[in-house]
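Here chain A shows up in two complexes: once beside chain B, once beside chain C.
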Partner chain A sequence: MPDLGLEILLKGSNMIRLLGGLWVALKISLISVAISIPIGILLGALMTWKNPITKIVLRLYLEFIRIMPQLVLLFLVYFGTTKAFGWDLSGETAAILVFTLWGTAEMSDLVRGALISIPKHQYESSEALGLSKVQTYLYIIIPQAVRRLIPLSINLITRMIKTTSLILMIGVVEVLKVAQQMIEANRMSSPNGAFGIYLAVFILYFIACWPISMLAKHLEMKWR
Partner chain B sequence: MAEPILTLEQVTKKFGENTVLDDINLTVHQGEVIVIVGPSGCGKSTLLRCINALEPIQGGQISLDGEKIDQKSKSLVALRQKIGMVFQSYELFPHLTVLENILLAPTKVQNRKKEEVREEALALLGRVGLIGKENSYPRQLSGGQKQRVAIVRALCMHPEILLFDEVTAALDPEMVREVLDVMLNLASQGRTMMIVTHEMQFARAVADRIIFLDSGKVLEDTQPELFFEKPKTERAKQFLNMFEFHAVKSPQAEEPVKQNA
Partner chain C sequence: MKNFKKMVPLALAMTLAFAVTACGKKADSKEAGEGTNAGGEKAVVYRTLDEIKESGTINIGVFSDKNPFGYIDENGDYQGYDVYFANRIGEDLGVKINFVSTEAANRIEYLETGKVDVILANFTVTKERAEKVDFALPYMNVALGVVSPESKVIESLDNWNPKDEMIVISGTTAEPFLIENYPNIPLQKYDSYATAKNAMENGNGVAWANDNTEVIAFALQNKGYTVGIPSLGSQDTIAPAVSKGNETLLNWINEEIKSLGNEKFFHANYEATLVDTYGLEFEDSLVVEGGQVQ
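Up next is the complex of A and B:
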């Protein structure tokens, strides 16, 4: 069996360090998700309004965030705004900020899509039964929209978790950065370490995202 | 004659420049069954939708029990509870079971006790032949079953008047009957109903009055026998003729062709 450098993982507290890195990545992504979802839902609902100004503003926001690569956004916030406005941002805060802006934009578009996919007749049939606008949204439209949203937003959440691999570029020590440090430190003793360590990183990302995917599948089946 | 419960006075409805309903005057009395017929696009469905304020009207007035129906009025929710509407495409709520579909409005809008409504709903489901379906989801039902659930859903609100908008138009022929039977049954109980339909035989059987609409105008408002036997207007005659079929082959042509052995 070729030397995969897996023994590095067992050295010292390396495994714990790697898990710590995963925790940093998960913390940043999950905090961003937790903020993005409610704001995204709100903005998504606003996007279905007929007011042209809200429409244009939200559209611009969405397109801006979508067109910019996440890495550029991270640089813009971490290096750009700190210089320009002279404030002090830690890498983690900058990452959470960028991921929240991104998640909110994507989420709002998903919500908008889900809301407009509910047929007009569902609103009418609800109103014909005497339900008020608020009740119509509460009991008819939102529950159906949520069911359509689940698979899409789970996809977004896993994408956000995976994209945290970029934040090492603004100096946040997350799982990938820890892995690089380990490989670097053991370059002499285990020259093949890169394979084993990155394999471990792969497995860690998998363990983080797999249950979320499963949950989505389960909910989809349940609400089919 | 019984009390008038619904009156339409000079109702005009426009979609942009296009006048869909033109000066409609109509009175519906307690217990009356009114069937509205007419060619496609004559405004039949729009008329029902205006009565329920799903469409705003541009002129005239619609009132129920003397109270004006207006899209902007505060009492609209209260008025709508008195009007039950059944749509062509059923429009059950797909994420709710049959029973939840039926209970939603009575419990949330009318704040009635769940147990009491449940009992009533189950009894009504039994009457329309849907015992045991209360926990099914709409997707598990046939079109005819869904439409009967939609009727029960409307009935559970105790409406004063029921509006049926081409409720059998989306159904397979063998399911049309089961829905029409439910409606005939309701008519025999003295329910006030307005029915838009293309089922002429049914219209004749169920109606107290036939309204013939064409290009947004009421051309005839008469008893069913008169309408089907002696329509007054040329348009109504043409319309009724569309439902007649004449043999297209002459008797000779129908003889089997002799074959040379």
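Up next is the complex of A and C:
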């Protein structure tokens, strides 16, 4: 077997540090996901309203978040709020804030897309059957929209987990940063360490994201 | 969709407006080295020496992945040349240290926002940086170095044989320095450390110019090579940095560096942290003691 420098993982408390880094990444992304999904669904429903003011406001919010790279948002929130308002947010708080803003914006657009993709005749048929507006949404529209939403939101969630690799730029030590620290600390003794450590990081991300993909598959089968 | 077309310029206008205000604020804060709070009155972003002592903790920004200057060992503790000095600062101030892991790209922001009190992250003193942060006295030298095979050691770049080629890595400071100062030396440019190292080992060039710390480490790890020129060109220094205007802390660090010179602290630091990588031979050319560059 080629030398992958895997012995680095067994040194001292390295494995625990790596898992600790994964926990930081998962904690930040999952808290953000948990907040952004309900708010995103609400905003997505609001976006289909015919009210011009909510439309403009939500559209601007979405475009702003979508245009800005996540790294710029992180710097704006972590360093920018201190310069502008004197707030001293911790790196983790800033990260959760940015990821929630981002997740909410993208989620709302996914929900909007799912809702308007339901053909008009579905609304008209249910009206012809004598269902009320609430009943139409509850029994006809939402079940169909949710089914379309699942693969899209799973993409978003796994993307949010993986994008936590950027938060090392605002001083939060997550799994990728721990990996870089371990590779550099052993630069002389295990020059091939990068292969083994990044392999371990790959496996950890996989273990974190795989169950979410499986859950999505399961839900899609169940609601077919 | 009709609406969407109208939205595009609106969204652009808003982004632009945001960018303009953001820049305006930045320029503002640079002027005085202080942040501006929402009310428009000046707010001091940094903590003075007394405030740090009172709080009992100093925030020091270091690298966590630059062995042997600032890194984390297998027990999760910060180690390295910068960290050794940081620990001494904490000890002499009588406060605990909160190490903050910084990146090369965000060191200035950390000081501009006062999120750390001191940066000790292998921070090379440059004019551009000195406009945004205050550097204390230096504690290390950096320069370029040239490594060559022991069979034909190159000790001077004058009287260069134009058939010989010099290996450099694109994007390092060695490349523009040689083009400007020794235009008659033909350069062989490589994109990465690994390819340059291969070229050196295959004898594609007669010598390799890079940061002196890098070439010294290379010569120590690879038998048959010697650093013929350990320091070339402009001498740069590495120094601690504090937020612009934080005079109490700056003066304290300067005094600390001067008094540490009496006990040869940075030599001891070198022998504890850098000797494995660079050997004893370069101790005097790399270390700056008491803030006095030789």
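Quick note on the criterion: the second predicted complex is superposed on the first by the 222 of 224 C-alpha atoms of A that agree within 3 Å, B and C clash if a C-alpha of one lies under 4 Å from a C-alpha of the other, contacts with A are read in each partner's own complex, and residues count from 1 in each chain.
The rule we apply is simple: contacts are C-beta pairs under 8 Å (C-beta built on N, C-alpha and C of every residue); 3 or more make two chains touch, one makes a residue touch a chain.
Since this is a predicted model, take the numbers as computed values, not measurements.
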Partner chain(s) touched by A:139 [first = chain B, second = chain C, both, neither]: first
Partner, of chain C and chain B, that touches more residues belonging to chain A: C
Chain B versus chain C as contact partner of A:168, first or second or both or neither: second
Which of chain B and chain C A:217 touches, first, second, both or neither: neither
Touching partner for A:86 - first (chain B), second (chain C), both, neither: second
Touched partner set for A:121, first chain B, second chain C, both or neither: first
Touched partner set for A:129, first chain B, second chain C, both or neither: first
Residues of chain A at both interfaces, chain B in one complex, chain C in the other: none
Residues on chain C engaged by chain A in the complex (per definition of touch): 3-4, 7, 10-11, 14-15, 18, 22, 25-26, 29, 35-38, 43, 45, 64-67, 71-76, 79, 100-103, 105-106, 109-110, 112-115, 221, 276-277
Residue ranges of chain A touching chain B (in the complex, touch as defined): 121-122, 124-132, 135, 139-140, 143-144, 147, 223
Complex contacts: residues of chain A adjacent to chain C: 8, 11-14, 17, 52, 55-56, 59-60, 63-64, 67, 75-76, 79-80, 82-86, 88, 168-171, 173, 177, 180-185, 187-188
Residues of chain B defined as touching chain A within the complex: 52, 54, 77-78, 80-81, 83, 85, 87, 89, 91-95, 104-105, 108-110, 153-154, 157
